[in-house]
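Look at the two complexes coming up: chain A is in both, with chain B in one and chain C in the other.
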Partner chain A sequence: MLRTVLRRLLVVVPMLWGIATLAFCLVNLIPGSPARTILGDGATAEQVAALDRKMGYDRPLADQYWTWLSHVLRGDFGTSLLTSRPTTADVGARLPITLSVVAGAVLLTVVVGVAVGVLSAIGGRRLDRAGQSVLSFFMAVPSFWLGVLLVFLLSIRLGWLPATGYVPFAHSPGRWLASIALPCLSVAAVGIATVARQTRGAMLDVLTKDYIRTLRAAGVSNRSLIFRHALRNASIPIVTSVGFQFIGLLGSTVIVEQVFALNGLGALTLSAVNGKDFPVVLTVVLFTTTIVLAANLLVDVANAWLNPKARRA
Partner chain B sequence: MRVQLTAVGLVTVMAAGGLTACGSSSSGDTSGGGNRTLTLGTTTVVSQWDPYQNDWGPFLQPQQAAYDSLVHRNPDGSFAPGLATKWRYADPSTFDMTIRHGVTFSDGTKLDAAAVKANLDHGTSVQGPRTDEIAAISKVTVTAPDQVRIKLSRPDPSLPLVFSAVLGQMASPKALKDPALLKKKPVGAGPYTLDTAATTPGDKYTFVKNPKYWDAKSVKFDKLVFPIIQDSTASLNALRSGQIDGAIGTLDDVPAAKAAGLAVSSSLSYFTALNINDRSGRQVKALGDVRVRRALNYAVDREALQATAGEGQPTTQIFPPGQPGYVKALDKAYPYSPAKAKKLLAQAGYPNGIDLTVTNTAVLFFDRYGQALAQQLKKSGIRIKIHNVSLPQYQAMRLSDKNPLYAWFYNWIGTPIDANRLLRKNGQYNPYRVDNPKLDKLIDKAAAETGARQRATYEEISKEVVDQALFVVTNIGKTYYFYNPKKVKEMNYVPLESLPFVRGLEPAS
Partner chain C sequence: MSVGVNTETVAAAGPGRHRRPGDKGTGRARGVLRRPGTWLSLAWITVVVLGSLFASVLAPHDPLDQDLRSIYQGPSGTYWLGTDSLGRDVLSRLMHGGALSLLGSGEAVLVALLIGIPFGLLAGYRGGWADAVISRIAEALMALPVIIILLAVVAVYGRGFAVSMGALGVIFSAAIIRLVRATTAAVRSELYVDAARVSGLRAPRIVVRHVLPNVIAPVLIQSSLTLGTALLIQSGLGFLGLGPQPPAPNWGAGIAEAATAINQDAWLMVPTGGVLVLTVLAFNFLGDALRDAAPAGRGAAATGRFFGHRALPADSDAAEPADDGVLLRVRGLVVSFPEDGGGDQPVVDGVGFDVRPGETVGLVGESGCGKTVTALSVLGLVPGAGHVAEGRILFDGADLARMPEKRLAAYRGKRIGYIAQEPMTALDPCFTIGSQLVEPLRRHRGLDRARARARAVELLGLVGIPRPEQICRAYPHQLSGGMAQRAAIALALTGEPDLLIADEPTTALDVTVQAEILDLLRSLQAELGMAMILVTHDLGVVADICDRAVVMYAGQVVEEGTVDQIFTAALHPYTRALLRSTPEREATAGPLPAIEGTVPLPRDWPAGCRFAARCAYATEACSAAPVPMLVRDPAPGGPRAARCIRADSWKAVDHERAAGAV
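Moving on, here comes the complex of A and B:
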């Protein structure tokens, strides 16, 4: 397994470099100038050009790229053009918000998705059919729409949960949970449905295997049969799927953050792109890329642990 | 955040507001007399606290909490004493102020004439979104411990107005020397101070009452919280669920807000227009011909366009009702008439009509507005090709000298400043640097006048602009603010401002 991890880690470095370089090029395709954003409409074209010059944005792109890359290699991600704070501070302040939602949603996906999947697989035909209809509905519903619906019902009508905003965990764990409950629920719905279907399929598949029949004949208890034997074998595709969910959620929070007024990474990226705040955009890209690569690695490790065959692959 | 300056201009006018009190509702804070909190959603907050490098408009509420200004403005727009107790123009190029006694900044520094001079000297040495408004200041002198004299390089009648907004906000002179400090927090003599422990930049800002504020008895809320909410639906939801007590709203949301028991205030704060950057026809020859520009004005049906701009009113002029320069009769100057438009085009040598390209962006109200304009102009033989660009690209292009014609809106500040920005040869909104000596001369003349005379000159300017059809101004738009009337008494707009002021707000009960 160690070799698997090492091999993956070796790929990470060139991958990060490639993505960072691509991001740098894309960011420079964003029209407009940071100076215009900073100075506003009140500034003349001449003043804007002067500030661009001062900040070094009139230099050749290759030149700018080299400066940026050499700083990043030294761990200096630069300062935001708009807030003058280190970009890592800006990203660091927003990351917990996004990660709370994404991690909460993944947890919800796994727990509820697997439970529903297992129940569908072993609970008899009627339960299975009912489950399938509900799952189809949730797979088809866009998360932002579900979010709006949940806010209307649970926040405005019933007043149970806050409609918007984020409370840091350190301030109040209870309010933190309340603040991320609805966003988690709305982005997790599709994932829950997907994972439940996958779990159901894999379980049904595994439960017809010969070794299960043998174990059953040997008198292994039903609970042990399902959780220790069937589910463990069924979980390989589920883990992979959850890994993808996580990565997908990281990207899709932009919209949900808008709906719930969560000023996470999505909101930060949006304002940075609009304001041509290159350093912030690039730092966000590097951070999220790292997180995605780490998630992939985790999935690989989990798969290797669950499936000895994969360790040698 | 400064990030969004221009975008924010757009957002303020058309889009949402609001933020959320994190987590549980703020309504619990209303009961006791000891801890009154007011939570106001905001679309954006300044990204640093040097007033001279900040904009106003959509940013004004948190700035007004942190800083006090030399001049205050009453709800009707008239001026009132602030950190300056008295002021007068000794002559059109000399402005004298008496500074209030016994005021200290939050870092303990005393406010006096020298501190005001330090602020203005700093302001004229840096470049910010609004510093064009104090460009006429040539020298600031301390004539007594509480007396400041400002010499101007040209007459400028707008100083009381300028000093009632961001450029009149006094920061501690000690802090001005420490730019790193002002990047983190405001150091002013305002009614509140920023509670950095309860603030997350870019997400939520908390201000607590400043017990040393010179007019502390006028401060009725102990805490002001500004959560950032950019999406208008999220903002309305936060209001409806009681998480926030006020936020900017949109025209589309007014019925829902009223149905939810929220109070709605509004202000005529901007005009929408098909703006002609290339007024001299340098790039698009036809636009240099006054007959073509007049034809454009006759070809728009302002009544029909009003729906895209909210509940304002159709207009043809660049100055708003109630402000110097507005002439009611001018609004009828170009009644909708495709026949007249066609005739003028024919006279200008375009009997078969003309083709024009309008830069636009398919977001916010611009999409509706641009489409509607193009439809209307077609009936007069003016074939519009809409060149849609992304919002960032639009921001970048709008005020460039390679953008002859575009759909836009303009947020008013005040007639003298608006005249400078829109009309002067070096005005920000004249990127083609079109020279109109007649207008420049009239603007200079008005600046040196006062009272009725000055009004008459600004009216003359307005007539000239409309007669020369330098703009295709179509409508006045309204900005809306939603607030919880059970929580806060009244949140009305001061004329032309983008948001209600936070100074003087009172609890409802």
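Moving on, here comes the complex of A and C:
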């Protein structure tokens, strides 16, 4: 187990470095000067030169890169051009909101997706047909459109849940849950549909295996065959497919935050993008990449743990 | 919205089995074309593409034309899909925005293909360091938080879709690279096998002539799915206001506008979102249809009934008396499978035999004769959509064929045990041997966990496994084939059954291990006094441990008798042919004469004797009418019978021929 983690880390760390470098180049290799892009066409040459000097954009690129990298390694990701605060403070303040939604969406995806998939696999032909059509539909529905519809129906028309805003967990767990319920649901819909499809396929595949027949012939009950043996064997492809969904869930959350006026990473990034706040953009890229890589690592570890052949090896 | 790059579904269609001439796939392709969804999807995509590309000509209104007196109008003759907050025609805006959306998504896919195909081919064909580097980069691309990266790209290069969709294409190329690489590597390894086809060909020509054709299908499938994903992502950017400058329409921005006006006019959400959903749906559907049509596709997963057997309706016919000491009496058993073109095809056709307590009966025949299906039908475990269509399976007087699944389930493991052919796949790879034994032990014997555990260790010792405590904690993959088969036998014994059905229990094992397992089965039977049905193609195995043999051919029993009778005085030419192809246990010198020809498929079964086409003694009479089972001796211990009209005369033909040859 520990060796799996270490082996994956050996891959993940250079990958993170590569992506960081790529992101750095993306921002700093703009045609023209970054300062010109930041300040816009209206700025005078002196203003541009001053900002160039202040941000170090006038120094050689390799020089800038090393300074930036050594700062990042020390936890200093730079200062926001808009708020003049450390970018990590800005990102840190918004991260809990986004992560709340993402975590809730992942949970929904796994629980509902697997349940629907198993039902679809064992529930008989007619239920399966109907389920398949519903799932295909939800795989094509954009999360933000679904989010708007949910707000309209459940919040504005029925008044069941708050339409907008975020309540921190520490203030009131109940209202926290209510504030992220609809965002989670809109983000998770695609994930649920995809994972349900994968689960169905994996279950159908496993249920035709020889060992299911031998265990059945030995008198193991259908319930145990489905929920203990088949689901356990199907769990590896299921976990992998959840891992594939993670990037999508994160991206959807960033967009859906706008629908629910959640002040998360999405709002921060959007304002940084519109305000050309490159240090903040870079920091967000690094943070989210790290989160995705961590999630991938978790999937790898889970798979290694789920697979007895890999576990002992 | 799915932003992750979904390769795993397509990958299944990619590597491994590549297209070869004569592959049958056309039937499935036709089936896909017959689906209405395929046509609907194609039609919808055509309408959207034409409507968008020729929007300037076809759109009923100018998309920017405001008419503040007619805002938020529902659908009407003038405005088919209504008007928005500025009184602009929604349909015209969708058509004009569509061009942008489709071109952007097309751009992303095109970039992905232009990068993905060459690099994938290179990685898959070259292997080595090129593969290592390219695969690593692809892996890194797949770990990128797509939306965030695209936002960063917009921050640097400004709004609009041209650059961001190109960047999306670069990210998506990772999926194409992986797909093409896997397919190429699979094709290449096959090409090495038949090197003759490629000798003298240079690498580029091999790639163009042999590899590319196989890559096209999976890439096409992936492209269709990717188009849908790109469309969703692009709309997301548009929704965030990162598309082109506002008055110009795009689909995502349209949804954002509709969202802000939802309290005034909820209808606006329908056309703006609907066109997107339907288009993505169509691309996804086409991708799925292509995958199902591809010859390398995984095929429709079997959605057979999992919940056990379909019981025959109960009838009042008095069952044959069961108190004559027979444990299992099978009569007139017909097992059918549904055919592709509708209708049922029997594969077991009127089989009958008896098994007495403590007796070992061999069910013998080549593969394709229906012996395994016969054996499985006793357990109510006929695979897939097959089912018992007629006949009786009387076990201890109760008709298993007419028993509801719930009651039949109670017989499995407890009264009737089962051993499968392939020991390495017969045990659940995710559970230890011990826990797989404990589960049925607790169920059958009502033991608590600790007792069941102890009994499991005992059982493993009984089947001759050394250090049973240790094996109890092992996973199946840690066992050798012989050990796994012993463990599988232990599993079959957990309920102390009266009847053990062993389906080719030694076929998959090494020769030395085969003898051990047969010895084990023999001694277990002596010790536990259970009856056994041994399914095998090997008469040597029958001679080793069976009391009686039932020979099957093409879904029927063709001969029945004691092992002595079968070996010394076969009545059916098929039995005789089987005997000839069976090695003497000790000396096996030279190749054995295989029986010429093959077992006919069920749909090719002739009306007369089913063995006639392969029989050296066939006469016209043989094919004239179905041959009945001719009983020689209805012995109480098991009848002597054969299904051959020349049972008495064919040996004489042999003598004549031998004489003639001299």
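Note that in this section the second predicted complex is superposed on the first by the 272 of 313 C-alpha atoms of A that agree within 3 Å, B and C clash if a C-alpha of one lies under 4 Å from a C-alpha of the other, contacts with A are read in each partner's own complex, and residues count from 1 in each chain.
Going forward, contacts are C-beta pairs under 8 Å (C-beta built on N, C-alpha and C of every residue); 3 or more make two chains touch, one makes a residue touch a chain.
Treat the numbers as computed from the prediction; the structure is a model and nothing was measured.
By the document's definition of touching, neither partner reaches A:69: not chain B, not chain C.
In the superposed model, A:39 makes contact with chain B only, not with chain C. In the overlay built on the shared chain, the residue A:167 is in contact with chain B alone; chain C does not reach it. By the touch criterion defined above, A:47 reaches chain B but does not reach chain C.
Judged by the touch definition given at the top, the superposed model places A:258 against both chain B and chain C. When the two complexes are overlaid on their common chain A, residue A:298 makes contact with neither chain B nor chain C. Of the two partners chain B and chain C, more chain A residues are in touch with C. Of the two partner chains placed by the overlay, only chain C lies in contact with A:211; chain B stays clear of it. In the superposed model, A:271 lies in contact with chain B only, and not with chain C. Look at A:284: by the touch rule set out above, it reaches chain C but stays clear of chain B.
For the contact definition in use here, the residues of chain A common to its chain B contact set and its chain C contact set are 30, 37, 148, 151-152, 156, 258-259, 272-273, 276-277. Those residues of chain C that touch chain A in the complex are listed here as 1-6, 8-9, 136, 139-140, 143-149, 151-157, 228, 232-233, 235-236, 239-240, 242, 255, 258-259, 262-263, 266, 269, 272-273, 276-278, 280-281, 284-285, 288, 301-308, 379, 381, 383, 409-410, 412-414, 416-420, 422, 425-431, 436, 439-440, 443-444, 475, 477-478, 488, 491-492, 494-495, 501. The touching residues of chain A, when paired with chain C in their complex, are 11, 15, 18-19, 23, 26-27, 30, 37, 121-122, 124-125, 128, 136-137, 139-145, 148-149, 151-152, 156, 190-191, 194, 198, 201, 204-205, 207-222, 224, 226, 228-229, 232-233, 237, 240-241, 244-248, 250-252, 254-255, 258-259, 269-270, 272-273, 276-278, 281-282, 284-285, 288-289, 291-293, 296, 306-309, 312. Of all residues in chain B, those touching chain A in their complex are 1-7, 9, 18-25, 41, 47-48, 55, 127-133, 183, 200-204, 227-231, 233-235, 237-238, 240-243, 389-393, 395-397, 399-401, 421, 426, 428-429, 431. On the side of chain A, the complex with chain B involves touching residues 30-33, 36-45, 47, 51, 80, 82-85, 90, 93-94, 97, 148, 151-152, 155-156, 159, 162-168, 171-172, 175-176, 178-179, 258-261, 263, 267-268, 271-277.
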